[in-house]
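This is the structure I want to talk about, given as structure tokens.
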Amino acid sequence: MSKNKELISKIGLRLDGRRADELRRIRCKMGVFAQPDGSAYIEQGLTKVLAAVYGPHQVKNRQKAQHDTCIINTQFSMAVFSTNERKKRPRGDRKSTEMSLHLQQALAAVIETDLYPWSQIDVYVEVLHADGGIYPACVNAATLAIIDAGIPIKEYVCACTATLANNEIPMLDISHQEEVLGGATLTVAALPMSGKIVLMEMSQRFHLDHLPKVLNKALEGCKDIKVILDEAVKNHVAEMGSSTGWANSRT
Amino acid sequence: MPLDHKRLNGPEESVPYELFLRHKQETVEIKTLDEVTKDSDISREHPKIYLKTGTVSQAKGSAYIEIGETKIIVTVFDPKEIPNKQDYSLKGEISCEFKYAPFSCTKRRLHQQDNEEKRNSLIMKKALESAVCLHEIPNFQVAIHSLVLQNDGSALSGAIIAAGVALAEAGVPMFDIITSMTLEICRSNEIDSLRKMTGQIQVAGEKSHYGTIIISKLHANEQICQVHQTGFIPGDQLKNYITVLSKSCDSIAAIVKKCLLKEVVNHIK
Amino acid sequence: MAEEFKSLHPLKYYRDYYSHDIRPDGREFTDFRPVIVNVDSIKTANGSAVVKIGRTTVICGVKAELCKPKPDLPRQGFLLPNLELPALCSSKFKSGPPSHEAQALTQLIADIIENSKCINLEDLCILTDKLAWVLYADLICLDYDGSLVDACMIALISCLKSVKLPEIDYDPALDIKQVNIENMRPLKVHFTPVATTFAVFDDKIILADPVIEEENLCTGVLTIVVSGDELCCVHKPGGSPLSEEELMDCIEKSKKRAKSIKKLIDKAVREENK
Amino acid sequence: MPLSEAEKTFILHGVDENFRQDGRDREAYRPMELETGTVQHAFGSAHLRLANTDVLVAVKLEIDAPFPETPHEGKLEFFVDCSANATPDFEGRGGEDLAVELANTLASAYQSRQAFDLRKMCILKGKKCWKLYVDILILECGGNLFDATSLAIKAALHNTQIPKIKAVNIDGDNIEIEVSDSVSDCEKINIENAPVLVTLCKIGQHCIVDPSLSEEQCTVGSMVVAATKNCVSTISLLGSGSLHQDTLFQFLDFGCKIANRLNEALMETLANISVTNENVGFLK
């Protein structure tokens, strides 16, 4: 665990100059594309993800249609140039299938699926640049895209990663460099308003004593992200609204 | 490359011996571009073609063609229902497979279809789609398989001509006779000037390769149903080339007609 | 009428013929179809042959390349036969990776070649542990009308007999290879194994050189490979049991046929070399 | 979405009058936005948006051994990925046919030595060369994919920085290549002759360029012409259907003319793009 010690310097700064509980800069935009029903772009540090939502629409494969709920269909894909080493295929490998599934599970927790029986919602995410925390960025982007599409959700679903630095300090929003150097990474997808955890995944062995600390940190991160996303949504809606002139109408 | 468990595997790596030839031969006969385009006889200059139907007894329709030294065999089977199709489609489909035999080229070909073969399959499919009355075979698929036994240029054109004849023999309804011709343009030497470029129908020798034009033609209405070109050719010259090719297609149409007539006469007897 | 009857009641159609001691194509039970061998028709290959037995057509082409011998067999080159049953030869095959049938037959052909020792793999070695020839012998069935193994073996052997390899000057110290294509030498083929296929119909009638319909309807198939006077291989994948007597009778017939086929191959190769 | 006969007639008449649905004339493109250097860790990249068509191109470099047939040439490979973001039809392997067709057309357009000289990519004859991976990601499909992609590729290649080779150490079969890691010590690729693809559509009696999705439905025949400076490097008919020879020639002339114009506009834009600008990517 000697490597771990270098993750935070004596004066409490991380490799990229952040403090332990700081997120990377998040920049996002909704409504990037015209053709999908909803789309969003998010940058968390250098990690960049595009998400597009189509639907709700008729179920493509009729046999899969459900009479009481809608199907959430997700596809995770990584651009071949998104990593340092060029990838051979953008999708179809085990990791991306797993990612699609996890994304689907996180979204199923918040979307009001019972409002759309016999229908299907497609959520596609495309990673343009991978620099750690791919899954959280995908979840956050997908949340924004779903809001952009106007699909009712129970609340935001946000995701964040956390780890333990120097065996004592919990650390938030891990970059790729820290992932490589550090130990176990905890990925949490949560509903920050109700404080419920939707999905939790651990990359390595981890002492149970440390779990509460790290988990709390990750949940705090989710809450911080929610604030940022919320603001982005409000700005977007205000922008869209003002362009249609709703703020000025007095009727 | 992943190991092929379904075939016998030899050494991991082998190289063609042609790479180490002591005397590199100049096999390409060279003509300057001006000569070619001025030469009014060029339309008759396409290589000798031998065309025969009914070569494969197991198939519904088949044809064997020789263009110069190029030898191709094409078969057509009975229309089958389109596989993995959920909705009813008003138009039929064509599926084309274009394959070189492993020993057909100077360099050994692998068993799996490579990019060139896939591209040729696609060009062949597009060309034949406009010749076949697809609306007469709704919801059905006609499979066309072509195998190049020896390649000496114009393989794709040969496959298209032979496929047209094989389709006719199989009784698939068609709008017209389809023909095709390839023009390979070769460079006399390494100087990259267009003036030095030479043109000639059907030249072997991949080293001096400069560009290729292939057209495919339906004759009753003078329609060009497929054109594909590579190389770097000035627009006006390209038009000349296409005119030349189009003329040479006309003379092939006569051969195709003769072959089909023979087939019909044989059938009546 | 006959065509309709044949496709509706194929078994009865054939039985009716057989009860008159004749086959639908006019042959007697033990008659073979005519064989045509054409050698060296593919110029891009190092050796090639097209063989027709009746309507069954097989083309074989050999491409020679250079490689390093295997470390455990440093004095040997490679001969890799491979049978393709492409979708174009019969409607029962699909394009894509080789079918089970193609894989099984490829293995059978490779075994026959190895057992008969018709090619000495050491002839293919140029320099021990450094350089050797690898001969890719690709057999492609162009028309599948029964007795495929027979056609494949004739095609492969005539093809190997037509193979000519250039002389190579190899300097192992500098790793310089020089190929002299003006000096082409033929490959030595020591033996001529010939395969003969029989079909057993209704457990009793033995048909020589069956066509595809006969193969499909019969109750057992038997392939005998003979090289000169020696028996190389008997391949009988299940089906009707045969008595020893019947078996010996088949072997005798195969021996006779092997002689005539060998003559045919040699003649074809000799004419080409003239 | 399929169009009705009346809608098709409307489009047809518009083309006849040289005044299309969106107010363009027959030779006009829709507005384009181009940004280079969008993908930070690629050697070169470009992001092009043509109306609703969105294409991202990144160029990656690797050191590889050249093909034995062309020992003095580098390698160039096009890979097209149709993202499902563009349309749900592309999910899974749905976009593969289009991707292969596009990659093939690009490969044959860049095949000629005059169009793109791969000999510059050779490091050591017969042993080492650069391999260029041109990866194209299609993020949104609003018609006219071929043109947009070719422009983006040309811009990405213009943006590409090939590191200089510092030293080559040969030790028997072992060849080690030292690559300069300084950002300033790079070479540019000459893209002067790199072809531009122009999709031409015949509607009624006229040719148009840059068809929108609804115009694409009205065409009786369409063709891609790859050209620069009046030299054609690839022509290919799209879809099935046939043309008369005269129409073909009309296409060719028109295609060359438009390609020249496009190429000039692109080269001018590329010359004026400032390198220092912080890129905005999708945030704009």
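Each chain carries a letter (A, B, C and D) given by its place in the written order, and its residues are counted from 1.
Note that in this section a contact is a pair of C-beta atoms (placed from the backbone, for glycine too) under 8 Å apart; a residue touches a chain by one contact, two chains touch by 3 or more.
Predicted model, so just to flag it, every value in this text is computed and none were measured.
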Fewest touch steps from chain A to chain C?
-> 3
Can you pull out the chain pair that has more C-beta pairs in contact than any other?
-> B-C
Relative to chain A, the most remote chain by C-alpha centroid is chain C
Using mean CA coordinates as chain centres, what's the chain B-chain C distance in Å?
-> 30
Distance between chain centroids, defined by C-alpha means - chain A, chain D (Å) | 32
Geometric centre distance via CA averages, chain B-chain A, whole Å | 51
Given which chains touch which, is the overall layout a line, a ring, a star, complete, or other?
-> line
Please list, in label order, each pair of chains that touches.
-> A-D, B-C, B-D
Contacts from chain A onto chain D in the complex sit at residues 27-29, 32-36, 39, 41, 43, 46, 48, 50-52, 54, 60, 73, 75, 77, 79-81, 84, 86, 90, 122, 124, 126, 128-129
Can you list the chain B residues touching chain C in their complex?
-> 6-11, 13-18, 20-22, 55-59, 62, 69, 71, 73-75, 77-78, 97, 99, 101-106, 108, 111, 143, 145-147, 149-152
Inside the complex, what are the residues of chain D that reach chain B?
-> 68-69, 100-101, 104, 107-109, 111-115, 193, 223, 227, 230-237, 239-245, 248-249, 252-253, 256
Note: in the complex, chain B contacts chain D through residues 15, 19, 107, 115, 118-119, 122, 126, 129-130, 192, 194, 206, 210-211, 218, 221-235, 238-239, 242-243, 246
Please name which positions on chain D make contact with chain A in the complex.
-> 39-42, 45, 52, 54, 56, 58, 60, 62, 79, 81, 83-88, 91-92, 133, 135, 137, 139-142, 281-284
